[in-house]
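Two complexes come next, and they have one chain in common, chain A, joined by chain B in the first and chain C in the second.
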Partner chain A sequence: MPRTYQPGDTFTHVRECDRYRPIYYAGASGDYNPIHIDPEAGSAAGLNGNILQGLCTLGWVVEAIAGFVEDPGRVRRVKARFSRPVRPEDTITFQGRVTAVQDGRLTAEVSATNQRGEDVLKGAVVEAFIG
Partner chain B sequence: MALDKQFIGREYGPYRYTLGEEKMREFTLAVGGAKPGAGTPGEPPAHVSPLLYDEQAAKAGPHGGLIAFPSFAVVFAIRPFSAAIADPALNINMQMLVHGEQDLEFLDVMRPGDVMTTTGRIADLYERARMGFVIVTSESRNQHGTLVVKGTWSAIIRG
Partner chain C sequence: MLDKNAIGRASPPTLNEVEKGAIRRFAEAIGDYNPIYYDEEYARASGYPTIIAPPTFPASFHSAADLRELLGVGIKSLLHAEQGFDYERPIFAGDRIYVSTRVSDVFERPGMSGKMDIAVIEDEGRDEEGNLVFRARRTLVVRAAKETP
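== the complex of A and B ==
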């Protein structure tokens, strides 16, 4: 029997940005902007050190919804505003809540907060095919 | 940050990109939290779907073979955005640029060997609160002409 989804259902995903994650992500994605891989360059840009690529954080949102619908191939959309940098040693908690289930498609809002409870994303929305 | 609205509508591409299986796996595992080493993308953490890296599991799965992590698309679909923000005509100071907002739509799965063609354009340029905003839209089609990825990319230029 396939899993069913309803508005109000929730899911959680937790990821740690280990010290070298911005460098690993740079290697895999090609985003070598110095503010991501060089703490001195980040500080020179007024960021108080290097920061994780926003698109890696967005990838973690994709992981969260992919895990919830049990198939990354079902992820249909991801959208977010990067409201606060993620830094090495930060732990980010993603909490999703289904807002709509219609025509074989699920929509959910996702919050993303660091270990101090500060939002690192705003207005994050995901969509996935279900059923 | 002065941005000249005359560049709204400026187009970038087409850019061609062929998806490679190892590159797809490397991206999945880099996002997923693996520790890469020489000659290996690292051991897959338990939360990462085997449909993304394990050929046999993927073959038996719902897509009949390996698929790309959805936002692997940024590896190639970002090209018009990166071309726009580096466009000498816009004269943007890259050190003051941050990624503001991102919207990605995935209309089909991507597989090893797929050949994606991406085009993009500057959809908007504006200033707000003394910051500059650059909005680029992109479309990526596979070798069958199917629209697979749509992106809206926004950069903020501080100060």
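== the complex of A and C ==
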């Protein structure tokens, strides 16, 4: 029996940005922008240390929806604005809420907050097939 | 401010071969150990011909685009402000994807310390038959270097 989805359904995902995560992500993605891997470069750019690549945070948004629809291959759309940096040692909580289910496709809004309750993403939206 | 003439400037398609090892490393870098990213049998049992890549995998693709050339400025720093992906289908191990990059928009936005230069860059990935696989759209805050590129 395939599971059913309805507007208002929710899902949650938690990820910690461990100390070396920006370096792992740099290696795998090729994004070696110094603000991600060098705390001094981050501070020089006014960021008060190094920050995680936004695309890694977006990868966690995808992980959250992929877990909810039980298959990352069903993800059809993801977008977000990186409103606040994610730093090493931050813990990010993703909370998704289904806003529409139509034609075998689900749309959800996702919030992402750090351990201080501050939003690190704005306007995050995902879409996935559920058919 | 950035040169409006940059809008529409594009790079030729660049081939990206999707390798299993690269998929696995990318999934590990996110910390996502879903077996669909490294276990052939699991992927086939899930209805796919082979393992798939995490949807944000195009972050690792390269294109011939040199942002300094596309935007026509030296770049002191870049900050990623927004990102979106639209997928026509999953990306599979063994895919050969041609990525092209285009400047979609440049404009100024008020920021904390004066006006910020914004560039909107669109990437498009197509398979060898020319079918669209994904579109990506990133918004970058660009700090131009004083000297010319």
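The definition used in the following text is that the second predicted complex is superposed on the first by the 131 of 131 C-alpha atoms of A that agree within 3 Å, B and C clash if a C-alpha of one lies under 4 Å from a C-alpha of the other, contacts with A are read in each partner's own complex, and residues count from 1 in each chain.
We take it that a residue touches a chain if its C-beta (ideal position, glycine included) is under 8 Å from a C-beta of that chain, and two chains touch if they have at least 3 such contacts.
Computed from a predicted structure; not experimentally measured.
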item	value
Fit or clash - chain C, chain B, common chain A	clash
Chain B versus chain C as contact partner of A:66, first or second or both or neither	both
Partner chain in contact with A:15 - chain B first, chain C second, else both or neither	both
Contacts of A:55 with chain B and chain C, given as first, second, both or neither	both
Chain B versus chain C as contact partner of A:28, first or second or both or neither	both
Partner chain(s) touched by A:80 [first = chain B, second = chain C, both, neither]	both
Intersection of the chain A residues that touch chain B with those that touch chain C	15, 21, 24-25, 27-31, 33, 35, 45, 53-56, 58-60, 62-63, 66, 71-73, 75-82
List of chain C residues in touch with chain A within their complex	22, 25-26, 28-32, 34, 36-37, 46, 48, 52, 54-56, 59-60, 62, 77-87, 90, 137, 139
Of chain A, residues touching chain C in the complex	15, 21, 24-25, 27-31, 33, 35, 45, 53-56, 58-60, 62-63, 66, 71-73, 75-82
Interfacial residue positions of chain B with respect to chain A in the complex	23, 26-27, 29-36, 47-49, 51-52, 61-63, 67, 69-71, 74-75, 78, 94-96, 98-107, 109, 158
Residue ranges of chain A touching chain B (in the complex, touch as defined)	13, 15-16, 18, 21, 24-25, 27-31, 33-35, 41, 44-46, 53-56, 58-60, 62-63, 66-67, 71-73, 75-82
